[in-house]
Amino acid sequence: MSLAKSPWIIHVNCNSCNGCDIEVVACLTPLYDAERFGVLNIGTPKQADIMVVTGSINYKNVNVLKNIYNQIPDPKVVLAVGACASTGGIFHDCYNVIGGVDQIIPVDAYVPGCCPRPEAILDGVVAALSILESKSQGKIKGKEVKLKGNEVPSNA
Amino acid sequence: MLENTIEATEIKNGAELLKTVEGLKNDGYRYATMICLKANDGHDFIYIFDKDYKLKNLRYFVKPGEKPKSVSGIYLCALLIENEYQDLFGLTFEGLAIDFKGHLYLTPNSPKAPLA
Amino acid sequence: MTTVIPFGPQHPVLPEPVSLKLEIDNDVVVGALPSLGYVHRGLEKFIDTKDYNQTTYICERICGICSALHGITYTMAVEKLFDVEIPERAQYIRVIIGELNRVHSHLLWLGLFADGFGFESLFYECWKYRETVLDVLERITGNRVIHSISKVGGASKDLTKEHIDLILKMCDTVEPQVKDLEKVFVNNYSVKQRLVGLATMSKQLAYEAGTAGPTLRGSGNSIDLRESADWDIYKDLGFKPAVEKDGDCYARTKVRITELYDSFKLLRNAISKMPNGEITTPIKGFPTGEAIMRTEQPRGEVVYYVKGKGTKNLERLKIRTPTFANIPSLLLTLPGIKLADVPIVVLTIDPCISCTER
Amino acid sequence: MLNTTIMLLIAAPILFSLLFVALPKSLYKILAWAFFIVGTVLSIMLVLDGTGKVEVAGSSFATFESIVLILEALIILFVFYVSAKHKNWPTLALIAISAALAVYSHFNVAEIESAFFNIDQFSQVMILIVNVIGTAIILFATGYMDHYEEHRHLNRQKTFYFTMSFFLAAMNGLVMVDTLGWLFLFWEITTLCSFVLISYNQDEEGINNGFRALALNLVGGITFAGAIILLGTKFDIATLSGIGTSVGTSTTAALIALPVALLCIAGFAKSAQMPFQSWLLGAMVAPTPVSALLHSSTMVNAGVFLIVKLVPAFAGTTLGTAIAIYGAFTFVMCSALALSQRNAKRVLAYSTIANLGLIIASAGIGTPLAVAAAIMLILFHAISKALLFLCTGEIEHTIGSRDIEDMSGLIKKAPLLAVLISLAMVSMLLPPFGVLLTKWVSMEAASSNPIVIIFLILGSALTTVYYAKWLGTVLSSTMDKNAVHHAKLETYFPLSFLGLCIVVTSIFVFTIYDYFIKPQVEVLLNIAPAVSGQAGQFTSEIGAFAYAAIFIVLALAILIYFVTKNMFTPRTANYYMCGENNLEKDGLMFRNGLCSYEKSSASNIYLQNTFGENKLTTLGYVISILLIIIALAGGIL
Amino acid sequence: MGMLNLVLTNISRKPATRLYPFEIRAPYAEFKGKIVFNPENCILCGICQKKCPPDAIKVTKDEKKWELNVFRCIMCTECVTSCPKDCIIISNERAKTGAKEYIKILVPKVDTPKAAPPK
Amino acid sequence: MNMNDVLIAILVLIVAPIVGCLAAGIDRRITARLQGRVGPPLLQPYYDVRKLLSKDNMVVNKSQNFFVVVYLVFIVLSLLMLIFRQDILMIIFVYTVASIALVVGGMSTGSPYARIGSSREIMAILAYEPILILYALAIYLLTGTFKLSAVVDASTPLLAYTPLIFIAMIFVLNIKLKKSPFDYSTSHHAHQELVKGMLTEYSGPGFAIIEVAHFYEYVFLTGLLFVFWTVNPLIGFLLSTAAFLLVIVIDNITARIYWQWMLKLSWTFLLGISIVNIAFLYFSGVKL
């Protein structure tokens, strides 16, 4: 239970239209107050446990995503928030969109919606908590994602 | 031809464009934006200026292979849209205030000139 | 002894991925080069595969903050192509949703801005009040953030009596709350320390730099597209632009606060004047021709250019969004400020990168 | 026995200086080692010999006295010559005045029959500093100068080593001799040596700065000479210790304040205190070993040495208070000035001046505790400062810059060097090391004088700031590991030796106090400070400094670190660069808007606008000159 | 001080927090929560697939399959309004958070299309 | 050091972090309530530390954690010295070691954000250090010794003659707790231009040590305020608690201002009032 009580999140905005972002931020504000679960929106990946990704991946932010992911110490959980982050959403066909977050890094839980309600995001965080706990018990490490300049993922 | 096209003054060449834009600036026009369309292998530019909620449009045809002149020397704010068209249409503007060299939005590995 | 740091794209103080390369000398910014493209999706090409109706949903998702006005402006531009007049009630619905959108957007901005200068409790306060507006929007449109109220030919949902009561009630509760916030933003010593005289743009400079919205009006330019003839309904509602002369961050904040009051007034007026009747006009055929439509979004003037060639897809859609117009002004205002002021100055144009890059 | 040691201490450096001239360059390393050993042995011998006065009388006195006369005349002639040659009129004017004073004193001051050497604990401490640290610096120089000269296309090493060694001889004489006339000779020799060393590069900047040092020190020399004349004619005092004793007995106690004040001004000039500080800053153009020598073991210490010796003459008087305020003012002013400096040597220069100010302030306060602090500070400061300078010199050779900003990442390039300089810096500003302990003592001692203590408080906060940022910069791991790093024994031995000295002296601070400082304070003030030490604690009547506890805790921290280091899964990751860094390249590189990569960097805060030199220096001049005038006025009235 | 007033008012009142998930507010009737598909009347005409902006719906006539990628749906209700047989409704219940495998696959019970898609 | 002292020391080592942790928890809860929300559980800081200890020890270089260990032990040492009523000037110097260790630790990571944050923290040291020493000086002037035991033995509270220094010390508390308007070197909620400032590169156990050290620091800093009223420990406790609460409220009603502003405030206003107070003590010659 040592992890589940203090999930610190880092919010990574990839290709999001802001709709999901503002709902993520809304989770932290008084009405939803995610800090009740110990959630803190921490600025640096070095201190984060849960990576909250909004928006799909494009060719410019793919390395940013990988970098941030690699810089989160284990155990860590990735939460894809919104249709874009889950599958590419409405933009999945755009020329500069690679796809959902899971094309690049392993995702542990998805939150549907465009954009999802804060309640849904809180659900996602709560789901992430138990995954986090089991990861820490099983000593499951996130794998280092290779970063090669501006490389294109093969499965895109 | 299309119905209800927007009104626009035709511009013949780059020098005239710069002169007209300079004149518009002196007349107190604000640079709104510029639109780029593919037309006859070349590109059609529509420059949009605004004064007192009235639009003033310039239409300028860029021949294939021609390097259009940048107006960012006159209106600095034009640099963003011109850089955007360098990315999206693979154009090369002459005299850009800050030249992102086709990397304003796109990286070396993303699709090249997707709107071209 | 310059300090060179990347500021963003993933940065806790920036809600959106934009990166600035900052060169700092002695705690003063001497150079700033923006790096864009983290949210570039390629929507202007995407319309090739979607019909003009579906494009409404895409336009709304250019940005989730003033999504309503994107949808409205797009549909109005396409209606120009079809050359149809939509029912007046639908126009009023658009205005009401648009203004509600502006209220939530400005409250959101005030909060993020407060967060930018480290005023966490003020940030929370703003966002707490914003939730009231979001609740009303959710009741009306079924979604908190992306409303899908406007469609080509009118509105997709009608306002019921209950909705109207909700809106009026919201105005009555939120307006005094905005007054409370105004007291803090305008009078708080520490806030003034941070904002007054920061990143000043003269009237002339702001005009020539092509800025839009509160950034432009904060420098004394009385330009607000709601006054223009493109959307004449605002004329009937007695609209006057909010203008401040000083051109600094403080002035831009005051403009937005004044606009909040204006929006409440417009909402009340619109509700009292809203006629009954149809909310849609039938649309036939496919769009042809060119049209430009401009409206005033919370962040300023948005320009839609649409070109149809008689098929169900548009041939070209070009959107000049307000942030796109405001970003070049950052190149002028960032040099010379302190590092600690960078987030404030960046936030003061209310940047929305997702619409800048589309 | 004492007799021989004294003579040896003066003769040996002179012998070595001649050897340096006579022998070829290839033997310098061996010579320097020998010098180091001889110097160390001799100084330890002097300590073992104990204290006492040695009289030089009779025929040997006559010989020496004539040598003194000849040397003084030579010095005057030499200065005449060089200043005429370089057309340096101020110096010429000053030397003319000096000459006139010399002639005047020759005819007016009563002849003396014998001269005295006075070996007290303070002299022992000073001898240790001069001969151990000083020779260590010369040893360091043998590893340094080749590289230095190579860069500047110079070939003047013979002059260099000759002067350096001669300098030590003069310093040895200066701290042991009691007779004022002879003291004056040594005093002037150090001035001259510093002139030669500062203008070592023989370029315009070097020569100008050399002349500045010469001129300002000549001012001090003139006040010194004036004081000798006054003391000789009015009070019939010819020895340094005589001043102190006469104050207690003489009925003219108030009047003696004037010559004492004049001597103090001579000390201020030599210690580069506020209106005179520019010569020491200018001295930075010389090779780093010269700076190290001037700052730690020779020159500037001569000034504070004189002032501390004069303590009995002004302790508890208005003059004393004025001196205390003056010293404290220099401390705060120079600490503030150091804040805006990026050049490591300038930082160190200001830090030296500031610390000397602190010493002078402590001496001025004149309570037993304060005087003890002053002497201890001279010792600890000398060790730390020598190490700081030598490290800076070595850093300059390693990274090619003396800019603090360029030193970031030193810990990766040259770990030992970085650790040593960090140790030196830490010892300057943090407990449990000696300098801070003495600063604590002087603060406690100064707490009775509100102006002095407030100056000290502000100054010590400023000190913390400029050292902390340098310390952090040196320890920050930002650079790639590709430095040219030549570890030579001659350079690293003195560095490590000094580092060791810092630790050892700090650990045995109470022993040092008991053996040297306490008896000395008794000699000077006839009462010992009420300080006791037990259980690794330094206890005065108003406080306690538990330095042993801090050492233990420090050791504990190191222990905890090594024990816990591998307890948690260690994993090295890249820097956080907002996600824009590229693993294949330098971790501090980030992608900019043009899609190319660029290195990020961060510099410290220097506050030039508030603490800039041009702003503060004028203010410092005005206030310090005012304070000196007040001190003088206090002396006369 | 305006802010002092605000924070002191806050501390003297009950917190504004909605205690989700301990107290769950009933969703508004208008809320667009998730798409519910009723295969009863579906004729597999594919209009919904055509209209869906993010291509969340996939109708495979041969396999009689109607699929919805819940994680792609943007709740625009285009499918709801366009379905000629009103098989699709929008519910005010939220779609579930969880693993991505949650893709809805439903096979319609009808064997043959009851009516041709309107032209 | 007798047996009793050892026991007390051990007790302090155990109790102080608990108290500090609770204080941090109370701080977060009160902050939350001031912002109109529920806030985290009281023991949240403890959960955080426990969590951090179970995470990977991710570092950018091998020595960065050394400095946080130094930070921790020297905070503990200064607290112990405070409890044992040692020389206050000495305590402040030992405390400076801790502050410098944290600064150097931040810089040692090499990240530009951390380095800028550390530079700002150095400026904070410049701002508060003189005031701390003036506080020590006031104690000396009132008791004739720097030993805290003299204050404890006195029959008049320190505050009676040092109200202005008390005010200045509240600001010191504010600066040291890195709360608005002084939260520019690093802050708990990281919404600032320097990411997490000084502590950007710390993670897992290393960061846990910093948090634990913060717990001790909370106790130490409030302890310094407690000294103002040792005559009646209850009043002293209430006094320091009130100061702590005041700092929390200030945190919630001000924006973050520049470090330049802090330096100006400290070197004019705070130093000014402290010196006035000192001058009063000096010229009136009052003793406790």
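Letters are used for the chains, namely A, B, C, D, E and F, taken in the order the chains are written, and counting of residues starts over at 1 for each.
As a working rule, a contact is a pair of C-beta atoms (placed from the backbone, for glycine too) under 8 Å apart; a residue touches a chain by one contact, two chains touch by 3 or more.
Owing to the predicted nature of the structure, the values given are computational and were not obtained by experimental measurement.
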{"item": "Number of steps on the shortest touching-chain route linking subunit B and subunit E", "value": "2"}
{"item": "Greatest separation from subunit C - chain, by CA centre", "value": "D"}
{"item": "Chain whose average C-alpha position is farthest from subunit F's own", "value": "B"}
{"item": "Innermost chain, where centres are averages of C-alpha coordinates", "value": "F"}
{"item": "Distance between chain centroids, defined by C-alpha means - subunit A, subunit B (Å)", "value": "39"}
{"item": "Where subunit A and subunit D are represented by their mean Cα positions, the distance between them in whole Å", "value": "59"}
{"item": "Rounded Å distance, subunit A centre to subunit C centre (Cα mean)", "value": "27"}
{"item": "Subunit F: positions in contact with at least two other chains", "value": "32, 34-39, 53, 56-58, 112-113, 116, 189-192, 195, 200-201, 204, 252-254"}
{"item": "Where subunit B touches two or more other chains at once, by residue number", "value": "103-108, 114"}
{"item": "Residue numbers of subunit D (touch at least two other chains)", "value": "569, 571, 573-574, 576-580, 591, 593-595, 600-602, 605"}
{"item": "Contact pairs between chains, per stated definition", "value": "A-B, A-C, A-D, A-E, A-F, B-C, B-D, C-D, C-E, C-F, D-F, E-F"}
{"item": "Residues of subunit A defined as touching subunit F within the complex", "value": "2-3, 5-6, 8, 29-31, 33, 35-38, 40-44, 46-47, 49, 71, 73-75, 136"}
{"item": "Touching residues (chain side subunit D, partner subunit F) in the complex", "value": "408-409, 411, 429-431, 436, 440, 443-444, 447, 450, 453-454, 457-458, 460-462, 464-465, 468-469, 471-473, 475-478, 541-546, 549-550, 553-554, 556-558, 560-561, 564-565, 567-578, 587-588, 600-602, 604-605"}
{"item": "Subunit A-touching residues of subunit E, taken from the complex the two chains share", "value": "15-21, 24, 34, 53-55, 69-75, 94-100, 102"}
{"item": "List of subunit B residues in touch with subunit D within their complex", "value": "100-101, 103-104, 107-108"}
{"item": "Residue numbers on subunit B that touch subunit C, as the complex places them", "value": "2-6, 25, 30-33, 35-37, 46, 48, 53, 55, 75-81, 88, 98, 103-107, 114-115"}
